[in-house]
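Look at the two complexes coming up: subunit A is in both, with subunit B in one and subunit C in the other.
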Partner chain A sequence: MSIHIKSGLRISDQGLVFDPSTGESFTLNPTGLILLRLMIGCNDENEIFRILNQDYELSRLEFDRYLLDFLAVLKSMQILENEA
Partner chain B sequence: MNKKLFEPPVIKRMHTGMPGKNGTSGIIEPISHIDNNSVSTLISLFGSPLFVLSEKTIRETCRKAVDTFQSRYPKVQFGWSYKTNYLDAVCQVFHQEGSWAEVVSGFEYDKAIRNGVDGREIIFNGPDKSEEDLIKAANNHSYIHIDHFDELYTLIRLAENIEVKPRVAIRINMETGLFPKWDRFGFNYENGEALEAVRKILASGKLDLVGLHTHIGTYVTSTSAYRIAAEKMAAFAMEIQGKFDKRILYLDMGGGFASLNTLKGAYHNAADTTPGFDQYAEAITGPLIRAGFDPDNMPLLILETGRALIDDAGFLVGTVLATKRLADGRKAMILDFGVNLLFTAFWYDHMIHPVREMTGTTEDAVVYGPLCMNIDMIRDQMKLPLFQKDDHVVVSRTGAYNMTQWLQFITLRPNVIMIGMDGKPNLIRKAETLDSLVQNEITPDHLLP
Partner chain C sequence: MKREKLTIAVSGLNNTDNPGPGVPVIRGLRESTHFEPRILGLAYENMEPGAYMEGVADKTYLIPYPSNGMEPLLARLEEIHRRDKIDVLIPNFDSELLPLIKAENRLTAMGIRTFLPTIGQYDERLKSNLPEFGKKYDLSVPGSHTVSSALEIPGICRELSGPWMIKGKFYDAVLAHNVEQAIAAFYRISAQWGLPVVVQQYISGTEVNVVAVGDGKGNTIGAVPMRKMFVTDKGKAWSGITIADKYLLDLTKRIISNTFWRGGMELEMIRSSDNKYYLVEINPRIPAWVYLAVAAGQNLPEAIVHLAMGMNPEPFTAFEAGKMFIRYSYDMIVDVNTHQSFAFNGEK
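Right, the complex of A and B next:
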């Protein structure tokens, strides 16, 4: 799966997200912030897992489960631009 | 190097506008222990889901209610409302605390007798009493509260062949400012129907009219409604005494006190709107004290409150079966109990607590039960911590009505335990099994496998 986050999002260090194309704002919890930033810089889920696994107690199964759920929410919020 | 725990990632849309008067905080305190028993240990011993009752809370609540009324009125008697929770162990706690039994069916009446309650201490309410029930109750000197004229005439006819004179009261409905008005039960006060019923009873000479009964509603948060009801009951008792020289020995004000569960659609949290026992007591006893009864012969005040005495003592413990994402992006959580066990979810916004400490992150979620039926929804929206599969949860304030209105539907009903005064858990109702469920079924020979 390749991940494409909408371009132009403004993301603060505190987890506030602003989408200038719609004017909507969102908040992220700390792990949501880390994951969204990783997804913006990299669209390869294997690479994202590798990076997260360096710092976090996280199995591949757990990662898959969380990613699936997070992507579904991003999609419903129209933050996920394209998912293949 | 120790790795950090990875909390499930969450993103939430920000909504502009003013927060409600109760603010935006959604922190739900965990309930890890009930009366010093670890919830996780209780689940490992008795399974999930599991109803847990606290004997200590029942007794403390009961004593508080009794003390509150007795400190304001000289003669007070509570009757335990069997329909609210008629598990034997629960009834026995109330009977040990001095409560009579208040029953509304032949089955409940037999249960009270089986529990060792003296027939003289059973109040028999409700519109459905068979002739057999009436004869039994009359012979046991129970208080029969007549609901309608058909029952009144039936009892007069039956009394011809009963050696004892049945002790009766009439149930009265009245205008108290509440909506909906409960005029489906009893005889109406304002249109003279109640007076006519009294006249018929006294004229028959077959029944011993000893009391008056009313029950103005359920989950009544308006104490003024109780004040109006008490004023009318007292006035009616005085009227009967004046007109017929008949002294009314007791006034039964019924139940209907609200608990601290919040009703669906309520703007305020129940903690802000539910009166305390003292407020109910003040509203009820004030008019009786001022009514002009002979101070040496005040009528006994009977109360049948159920919900407010038992709700806080009950907990429903369960497990998260799954979390999922609905098509519109909302979070959903599926628990191993639903409206089949938590029947009161149809009218309350129940509080669902985590068992373990969780981070402050919350997400709006829908909470479903395990039934393969669309109606099985416990909360249509609730700010929940980030529960995961196999997490345990505790629903507080489930003592009233759930263990009587629960459904054997799709799944079997679980164990019920009561944590005793010594802090030890006692199994008070065994979980149903396939065998116990089918024991009343009879399959015709030609359909046997």
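Right, the complex of A and C next:
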């Protein structure tokens, strides 16, 4: 799966995300913030899992489940451009 | 650089909970880097807050409503102009726009410059003509009908699925969920603003507006989109944020290019949850939130003065997205003598 996050988002260190194209903003918890930043830097889910797995004890099954949930949230916020 | 001195007359000083654009227009003019404005405020009522606000108008004159006839208004402008030479007039009230557009030649002959839409442009975008406007320029608009009698409303409500916005010809809009509410809104709005009244299908979504200026030759001099963040019970933006919405900017440029729009305008749009855009209204003037555009990098009131003076301002190419405005109310303390003197003498 290839993940593409909308470009131009403004993300604060506190987890406030602002989309300048729609004017919408929302907040992420610290885990969401780490994940979103990873997704912006890298659109390959396997690579994201590899990076996360270095710091967090996480099974691939758990990662896949939480990733799908998180992608659904990003989609509802209209900041996920597409997933292939 | 020495700035040129210009006397600019501005109406719409009613900075109430449903504010006119006069005060924010003046704020923009005062920030001009090209000219040094002397501001003449034009007030229809002696209680318009802008007449009393510090640093807004250098002098304010009371003027008669256009509904009292065009001649008294023009005679008053002529009298003011004799005493206090007006270089440019920026009218900001919907109800004064058409009479002043019609009087453009007389104003020009007096030496008062304006930069307003043509009568054709003004008429074409009327709320009652919006369906034809949408068809002509390939824009999505909500279904709507113009009504002059409450008897027409039940039939329209059967034809267009509800809810509906019941709109006055110049101002005001009420959301109606059933025929009874629509009829009650019709009577209230027609009593205040006259006929016809527009029954428009309500589109649910995010309210996004654009303030723009066209040079009358098809070019967009500036355009800034804004998303309403908080609205009053009248549906007016109490806070908003600039957005870099490419679709809205392209649409604005297309409308200005196709209509050869002349002067300031506001596009009122709804963005539905499936990302479709509906044009619900075009106002043929600068809106009250224009100072947000100035703060975001486009001094559109200044551009209108340049256009009125026959100059060709460079089109703005950028603005800052994510700039917010938040309105507030503030109690000014005014001495009764100041108010009485203004009411009695017609100037202050």
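Please note the rule applied: the second predicted complex is superposed on the first by the 84 of 84 C-alpha atoms of A that agree within 3 Å, B and C clash if a C-alpha of one lies under 4 Å from a C-alpha of the other, contacts with A are read in each partner's own complex, and residues count from 1 in each chain.
The criterion applied here is as follows: a residue touches a chain if its C-beta (ideal position, glycine included) is under 8 Å from a C-beta of that chain, and two chains touch if they have at least 3 such contacts.
Treat the numbers as computed from the prediction; the structure is a model and nothing was measured.
> For A:42, is the partner it touches subunit B (first), subunit C (second), both, or none of the two (neither)?
After superposing on A, A:42 lies clear of both subunit B and subunit C.
> Figure out whether A:72 sits in contact with subunit B (first) or subunit C (second), or with both, or with neither.
First partner only, subunit B.
> Under the stated touch criterion, name the partner, subunit B or subunit C, that contacts more residues in subunit A.
B
> Check whether A:51 is in contact with subunit B, with subunit C, with both or with neither, and answer first, second, both or neither.
neither
> Quick check for you: in the superposed arrangement, does A:62 touch first (subunit B), second (subunit C), both or neither?
A:62 contacts subunit B only, not subunit C.
> Considering only touches as defined above, state whether A:10 meets subunit B (first), subunit C (second), both or neither.
second
> For A:28 in the superposed arrangement: first (subunit B), second (subunit C), both or neither?
Only subunit B; A:28 stays clear of subunit C.
> What is the shared patch of subunit A, the residues that subunit B and subunit C both contact?
Of subunit A, residues 24 contact subunit B in one complex and subunit C in the other.
> Name, in rising order, each residue of subunit B that touches subunit A in their complex.
Going through subunit B, the ones touching subunit A are 3-14, 323, 325, 328-329, 359, 361.
> Could you please specify the touching residues of subunit A with respect to subunit C in the complex?
Touching subunit C from subunit A are residues 8, 10, 18, 20-24, 78.
> If we count contacts the way the header does, which residues on subunit A are in touch with subunit B in the complex?
Residues 17, 24-32, 34-36, 52, 55-58, 62, 66, 69-70, 72-77, 79 of subunit A touch subunit B in their complex.
> Inside the complex, what are the residues of subunit C that reach subunit A?
Within the complex, subunit C contacts subunit A at residues 206, 208, 226-227, 229, 241-246, 271, 275, 321-322.
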